[in-house]
Every structure is written in C-alpha cells, then in structure tokens.
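One structure, as structure tokens, below. Some questions next.
By letter and in written order, the chains are A, B and C; residue numbering begins at 1 in each of them.
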Amino acid sequence: MTDTVQTPTRPAADAPTAPEQQLPTATPAAATPAAAGPASVTPAEDVAAVATAPRRRRVLLHGRGLFGLLLVGGILLLGLFAPLLTPYGPTEQIPGANLLPASGRHLFGTDEVNRDVLTRALYGIRVDVLVVFVAVPLGALLGTAAGTLAALIRPADVAVQRIFDVILAFPPIILAIGVTAILGAGITPIFVVVVAVEIPYFGRLLRSSILTLRELPFVEAAEAIGASRWWILRRHILPNSAEPLFVQLALSMSIAVFLESAMSFLGIGVRPPEPSLGTIIADAVSDLDTAPMQAVGPLLLVTGFVLGFQLIAQAVGARRRI
Amino acid sequence: MENNGISRRSLLAGLGAGGALLLAACSSAVDEAGSGASAGPTPKAGGTLKVAIPDDLIPKNLFTNSNTAITALIGLVYESLTRYPNDSIEPKPRLAKSWTASADGLSLTLQLRDDVVFHSGRAFTSKDVEFSIKAYADASWHAQGQLQSTAKAVTSVDTTDPHQAVLHFAHPLGNIFDLLDTVFIIDSETVEDIKTGKGFVGTGPFTFKSWTPNSSLVFEKNPKYWQPGRPYLDGVRIGIVPDTNAIAAQLKSGQVDFAEGVSPRDIEELSKDAKKFNKTTLAGAEQQIYVGTNVTAPALGDVRLRQAIAYAIDRDRIISEVFRGNGYATNLPWPKYSVAYDAEKNKRYAYNQAKAKELVAQIGTLPTIPYTYNTALPVYAATAQIVQANLAAVGIKVELEPVDAATFVKQLIGAEFKGIWTTFHSWAQYTPSTLVVSAYPFNALHNASHFTSDDYTSASQAAWKQPDGRSDAAIAEYAKVSDELLEALFLVEIGVIPFQWVSSTRLSGLSYTKRWELDVTNAYLA
Amino acid sequence: MLRYLVRRVPSAVLVLFLASVLIFAIIRLIPGDPATSLAGSDASPEAVAAIRHDLGLDQSVPSQYLSWIGNVLTLDFGQSYSVGGEITSLVADGFGNTVILTLSALLLAILIAAVVGPIWATTRNHWLESAITVVNTISVALPTFVSGVLLVLLLTVIFPVLPSAGIPPDGMFARLDITAQYLVLPALCLALPVSAVLSRFLAETLRTELRQPYVLTATALGVPRRRLLLRYAMRNALPTTVTVIGLQAGSLLGGAVLVEAIFAWPGIGQLIEQAIGRRDYPVVQVLLLLSVFIFVVIQLLTDVVHALLDPRVRIGGAQ
C-alpha cells in the first residue's frame, strides 16, 4: 500500500525538479490541491478522459492551445523553409561583412566571421527540431518501457526507482557538462543528456499510472475474468495514460529546446560552424551594447519555441481537470 | 553609454520605489570608482592598483609562464639576472651588473649586485643564482620551464665569490641570455612554499601577501627594494575573474584600472574612448598563431597539400577580423625586429587561391581532414572557422574538432592530432635558436607534427651552439633553419600577434617583459 | 514522524552511494589525464609518471575509489591536484557564493509568489488577471539564460544602473549595499521561473480553498474576506506549497550553473568547469557528490515537512 500512497504526491512533485520551467499545475497527475489528497481522484479523471478523447484535439484549436500550436508550427516552418527565406547559406562567410549592425540586408546583422545571423538563427531551429522530435520521443519510449517494467515486475521496481532517483539527483546542466567532457562537444552529448533527463519522468509517470489503475474495479474485473497482463496493459492502462503522457511529452519538448540552447550557450553543444540558437546568443552577449538584435532575434525564437510547447501542455493539462 | 540623456541619479530617483533598486540609490556599484581624470605629469606615490585577470594561479606551473596569474606574480615578486629591452635581444643589467663571456663560449662570468635582499631579509648571493638555474631545470616541478634544454646545458656554477657567479656550459650556448632573462631568482629557504602556494619570496618590487584560490592575489610594496624610490604604488590587488565579459565590465565601470585577458574586440571598443582607456600593445612580447600539420596523417604526408594549405589561408583577413588588426601576417615565425626576419622569405606563401587549387588538383581526391582547436579562447574558434572556409574554397574539406584546453595540451604533447590544428606558439621573440630547441611544435628531435629531418635537426643544433647568438655566423645558421621550415612546411604560420593590455588613463608607467610579465615598478596612479 | 524519516533514509543513502560510484566512474572516462595537464606542454614521460605516482593515479581504480570514499566519510575531501591546497576551503568559497545566490533567489521567489498568488486568486478585475496570466506564462517559459541576457541588456546596457557581472571586488560582506546591487540581477533571473511556478500554484490552491464549503459558511457568518484568505485559506494551502518550494529549491542549483555563467558569478558552476578543465578529479568528485547530496537532502526535508504539515501523508506512510 505504501507505493500507492506515494503516487499522488511523488510524480507530481518530482516533475518540476528538472529545468525550472516545469509547471506543477500542468504536470500530469497534477499537483492540484485535489490531487494532493486521496489517490482516487487522478484515475477517475483518466477514465473520464478516455470517454471524451476527441476533445483533446479541440483544446488545441482555441485559446492558449491554439496559440501554442501556432508558435511551434510557425517556428517549425521558419526552420523548414530557411533556404527559401534567406539568400545566404548558414555557414557562408560573406566577404567584407564583418560584424555589421542590423540592417535591411542583414536583419540581425553579421557575426565575427561574416555570416548572416538571421540565416544562422533560422537554420539553428533545425537542430532543435531534431532534438525535439527524435531525442525526446526516444527518451519517452525508453522511460515508458522502464516504468512499465518497474510496475509489472516487483524485483526490478526497486532498482529502476533508484536509478531514476540517481539521474534526477544530477542537475541537468551539470549532467550535461559531465557528459560533454567525456564525449566532446557535438550533437551526440545533447541527445544523450536529453534522453537521460527524460527517462525518469516518463518512467515514473507510467509506473504510478499503472499502480493506481491496477487498483480500479474495471481492471480488477478484467484480471478476474482471466485477461492477460499485456492485454490489460494495452487495452486499459496505456489508453488511460495517454493524456498525461501527451502533456509530459509537450513539457519535455520545451525542456529539450531549453537544454539544447543552454548547452550550446555554455559552449558544450553543437559544433562550429553548424548554427545553433544557443551558440548565436552566447556569441552575441559580448556585443549587447553594439549589436543587440544579434541576441534578441534568437532569444525570441528560443522563447517562442519553449513557450509554445508549454502552452500546448497547459491547454491539454488544464482540460483534464475540468 | 554615458550620454543616454537621462542622468543616472534622476533615473534612480524615478525607480526608487522599486524594492531592490532602492539600494542602488545608497551608492552605485557602477559609479563606485568614479571617472578617470587624465594622468598628471609627475609620478605620484601611493595607492593600490586594482587589476582583473582571467586565470587562477597554479603554483606548480610557476616556471612555465603559462597564464596571466603566473606572469603577473613573477613580474611583481621576482627578478631575473639580465633583461632584454622589449625590441631587441641585447641583454641589459638587472640583478647582474655586468658580465664577460669566455672566448670559447663555454663559460660566462656574471658580476652580481651587492645591495639586493630577498623579501625575507636575506642577502642575494651567487648561491641563489646556482639554486634558481638548477630549480628551473629540475624535473620534480610538475611543469618545467620551456628553456629546460638550455638550463641543463649549464653544467656547473662557480659560487666561491658571493657577488660573482661563473656559469660553465656543456657547449657554446647562443641563447644563454634568453635563459638569464627568463630564469627568475627564487629564495632557496622558502622554495617548498612555492609548490603549495603559501609563499613566494623574491627580490622584486612587491612582496607576496596572500592568495585566495579562485578569488584574489594581494601584493604589497617592498620597502627594501634596491631601486631607490620604487615602486610608487603601495600595493597591487589582483582579482581573478574568469569571464572576459566581466573583466571588460569591471574596466568600464572603473572597478579596476588594469586588465589582462580582454578580448580583441573589447580592446578595440574600449580604446575608442581615449580619454578613459589606454591600450598597451606588447611589442616584443608576441605569440604566433599557426596551423600545425601531422605529417603522418592521411594525405598530409604530401608536401603539396601542406603547400596548398599555406597558399589558401587568407592571413590578412584573420589578422584584421579576428585580431582586429593587431599583428601582421607571416610565413615564418620571426617577428619583424628579429635577426632572423627576412621580408623576402616571408612572401613565399602569399595568399594565392589559384596556386592552391592547382596543387590540390595535382594530388587528386582528398579525405576530410580533422582540424583540432582549443575552446579556451574564442579567437581559436574564429580562426579555425575562417581557415576552414579558406580551405573549402580550394577544395580541401576539413572537419572542426573543438576540444578543451586539457585535451588539447595532451594531444599536443602526445603528438596525437589526427590531422591539422591551430593554436599559438611563442619563443620566436627571443634568440631564434631558442625556438627550435625549446618550443614544442618546432623541436627538431620530437614535435607534434611527427616531422623528422636530418637537415632540420643539424641546422637547428648548429644555430643553438653558436657562441654569440647575434653574430653573422649565427644569422647565417638561422637562415638555413628558415629555409628548412619553408621547405618542409610542417607548420603553416598565420601571423605574429603581440599581446594587448587595457588600462584606465589613471594608470601611468605600465610596462612588461618579453614574456608578458607585469612590470609596474615605475607605475603610478593619478 | 521519526519512523517516517527512518523509512526514507535508506533509499536516500542508496542513491548517494550509487551516485558516488557513477561520479567516480564518469570522471575517469573524461579524455585527457590530470598528470599531463599538470605537466604542461614540455614534460618528459618520466615527469608525467612521477606525477601519476604522486597523485596515486597508478593504483587500480577500485582501490582509488575505496580510499576516496573512505576519506569522504571521515570528511577528509583531500587535496586539489592543481591548486595544491585543501579542497574544503576551495569548495567552501565557491559553494558559499552559490548558496548566497540561490537563497536570495529563493527568498525573492517566495516574496513574489506571496504577493502575486493571493492577488491572482482573488482579483475580480479581468484585465489584471489576464496581465498576470500572460506575464506568468512567459516567466515560466523564459529560459534563464534568455531572461539573464535581457536583464543585462536592459539594466546594464540601456540603463546602466547595475553592474553587469561578477561579485563585489572587495568581498561579499564588505559593503552590503554594494553586494546587493551585484546580487539583484542574477538572483532575479534565477528567481523568475520559480516565482512564476509558485505564484500560479499558490493562486490555484487558494482558489480551490475559497470554493470550499467552510468558506461559504464563514462568509455567511460575516468573517472578513481578507481574514479568511490570510488566516484559513493560506494555512491550508501551506503544506503543498512547501513541497513545491522544496522541489523548486532543488532545481535552483542546476539553474544556478547557467546564471553563474551569464553573470560571471564565481560559484559551483564555474568551479566544476574549471576543475574539469584541469582534470582535477578530487575537486570535481566532491562538487558533484555535494550537489547530489544537497538535492537528496532537500528532497528528504521536503518530504518530512510535507508530512509534518499534512497528517494524511504521515499516517498513510505509517500504515
């Protein structure tokens, strides 16, 4: 019984411990005052969520959900169509264009090796896209698998839980510094860090989902009539966890954008001469007084990206509690 | 920045209600040090010089001159026997008053000053000369001085007369005064304190007061200094500020009057305000930026590829854009004032894309070449990216491999670079033979390029063993070394870059040695 | 209560142990080694071997681990390879600076939340509520380095009223008014997302609280709304809020590394980077272990405080 007692507080409480922008109110098994109480509240909501699944799509079509979707989509398109939007290449060094201030020709100015900063910012989005849509789902998959394993196989539970604890105990940025020291700068350490950071969140989420759902009458009934474990998992547990997983996915994507740009900002991310939003910002910091647009442009893109995913998570998460 | 139209005080008054900013009204840290008035014509005694530098002290590396904390400490606390003027290699007296060399070049007799005492109060004698040279060559230090081979060639020191030291050599040493300019005199009684960083006792104008790791170094005036009336300053307080932007900010706000480690762009920006800041270009204390090649790596064994690289690099662009015009392009390591400098030889690989393309075409298909650089300084990344673009333009593809300083040094020592690399080297500002027997990338016997050649080895040894490093015979030998370097081309020089310092106009009399050690013996604050 | 604590301790110790093994192993995977990085670029192989022996690096890795962890348990953190002094004072300086920064940030965040939360929960002004919502959402989403750069741009470049980076040159405690000015920007930058999370959380909790039947009853009995809010609703909202504060405090440490990089604040982040740069194994090990230790302790404390304030958890835990 100890495990289920912990579930209402633990996953909710742990989620916001990664990068600070994790929002408890938007976190799955949410830390709303109600959820902090008896454990039965969350699963009941989940059951309701299954019944009204199509409404999830609707929350993304108005209000903050729509705004988030537009932000993410818009920035994605900017990255995708970068070659059409700018006459320069991302690593093209334009003769004589050294540290030019922002102008009609170069909206964000040029950098110290004569590249157009706007071009680099647009192409820089692509790195984030890669991290968001490859590394995060990979981490989610691994975490979900680990969480399922922990919930279904008793002996594995303790080990998996402690491994999650250990990963969570390292602040992500410090973890990133360590991993990069071993692997060298580049896209690989970013992937490793993002995947490692995401695993415990998804793992804990699924584990607690399964443990609480297992106690519910309809699952017990299925067990009683002889349904196999995997059938129950596929038929009842995963569909009922889908929505919190979706919320966590959106949150994790915003964290991934943050992590990538923060690592690049610290000089332990993407390798030069490839562009990354974080690198551009880091380079621009020393020239804030003379070329503020060089920093402000990429800052807006990063913020928009992070904000967009957060809004999507909030919209879906908030609807669950109504 | 000063002329934004709104006075700070009124702005503060306006913002006064906003909680934390209220504090700013008490006394602003931005205004704290006040604006600098221009320096008066006569030196003024007193005052503590506040300095910001980016590096922390690593006591066991004291003999390496490897970072700004070490060079500042050596310059303040210690002194050498002789000293070169910054623009030549003609030795001048310092702790040694005069000297005579034997005709065979196998010994050197130094007359020492008799009015010098260590900070501990003990008199300086010839025994200290012997001790310091031995310590410099001693392997028990974690990091040894680069002139080790020369220090080891000093076989014995005759110390019978406390005010005369007779140095005996294994063979003539054309660069002996480089060693005497570099080796600083340490106190034998307190040498263990150096290794732990507890104390540094020398004979210099300032005494070491304290070191707080990662935070500060404090020095006080040496009241018993042998130069009468010097130093003017009461003390020097050095703050260790690893962030170069923060260093520039401290200069701008007047919290410090002198800084090292400011980026070329910040120096350019600050020195535009001539009323507030002085730029000191350390002519005579240069470093060379270069592209090294591992001649055993795929394709790089072909000298035509190395020549193509040498032709392809747009050196003038790198000097003007990365180093903001501070320095000049070269094909050989020697700075312009060096006895080995030859303007003609220096044009051998002038920027010529057509020639580079032609050479690449002759070679045929090329693999992608790894290009390693050190992430410690932004100028390396910028240089590497320009070189990468230059090489791409003539059909040579390279992939950048940024590594941190520790990894870079390990690969340099171990000759582990997989292709080409970029960093600074130094020692070309001294007697030319010092470079080829001491500086790691050029060492004929063992270098990071895996380059060996009997001709190069014999040329560099012949240059080193000249009795007089400035004689015509020696200069002829240096020319041979230069020819070898241009032919073999295992290092592609980009340019000679002098160090640059920025100080506020309150500070006058700032000086330096050829190893960029801080010299504020004659400095004063307005 | 004690039993609850005792039950939670073993897993915390296990996490610390696993983390120590992981830290020890990870550091030895970093390419480059301390001996060559100390020896400099002209060292002979013999000199490097001598340094390796000096530092005990020629022993087997498990025996190195055992001697390290044994020393750590007796609070002997060893010597720094590069600096040559005791690690304790080196780490204490850097950590002290980080603690000053994070505590100021936490305090600032709690202050902001304590003001914004109740206003947000009770305001009937639609515009005010929307404004708070928008600012809050952006504050949550704004990565620390973004807000840091913007703050620097605003308050040190456009309006140069505050120092942009570093710590007071004369030390932290020499002039408190000067120290405060250096502290404002980094602390604010670090506090911003935390304060946003806290205010939103507090506001939602209060709103739920104010919908409870007892509030209706009390209102009907004429208890003033302000008193209701401050006296009853706030008290009931406290337990969960403390949990969230605790967890945010744990995350502040990670955020501090970034903020320190922007504002050149010489704390733990700078120390770790420098120590990794010099391959100063003992320093890196201690710093990483310390940050894990702090995280684990904060979690433990949070659980305990939460249990203290909310009997349900305590009783449930005892079952």
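For this structure, a couple of remarks:
Criterion: contacts are C-beta pairs under 8 Å (C-beta built on N, C-alpha and C of every residue); 3 or more make two chains touch, one makes a residue touch a chain.
Every value quoted in this text rests on a predicted model; they were computed, and no experiment measured them.
Taking the mean of each chain's C-alpha atoms, the chain whose centre lies closest to the overall C-alpha mean is C.
Of the two interfaces, A-B and A-C, the higher number of touching C-beta pairs belongs to A-C. Averaging C-alpha coordinates per chain places the centre of chain B 39 Å away from that of chain C. With each centre defined as the average position of its C-alpha atoms, the distance from chain A to chain B rounds to 46 Å. In terms of their C-alpha centroids, the spacing between chain A and chain C amounts to 21 Å.
In chain B, the residues touching two or more other chains are 1, 245, 404. Annotation for chain A: residues 181, 184, 285, 289 touch two or more other chains.
Multi-chain contact residues of chain C (touching two or more other chains): 31, 157, 261, 276. Taken together, the chain A residues at the contact with chain B in this complex read 91, 93, 98-99, 112-114, 181, 184-185, 267, 271-273, 285-287, 289-290.
For chain A in complex with chain C, the residues that touch the partner chain are 1-2, 5, 9, 13-14, 16-25, 31-34, 36-37, 64, 161-163, 165-166, 168-174, 177-178, 181-182, 184, 254, 258, 261-262, 265-266, 278, 281, 284-285, 288-289, 292, 295-296, 299, 302-303, 306-307, 310-311, 314.
On chain B, the positions that touch chain C within their shared complex are 1, 4, 6, 8, 11-12, 15, 20-21, 23-24, 26-30, 32, 50, 56-61, 64, 66, 139-140, 142-146, 148, 195-197, 212-215, 239, 241-243, 245-246, 249-250, 253, 255-256, 376, 404-407, 409-410, 412-414, 438, 440. For chain C in complex with chain B, the residues that touch the partner chain are 31-33, 36-44, 46-47, 50-51, 80, 82-85, 89-90, 93-94, 156-166, 168-169, 175, 177-178, 180-182, 184, 188, 261, 263-264, 266, 270-271, 274, 276-279. Those residues of chain B lying in contact with chain A across their complex are 1, 244-245, 248, 263, 265-266, 269, 321-322, 375, 381-382, 384-386, 388-389, 400-404.
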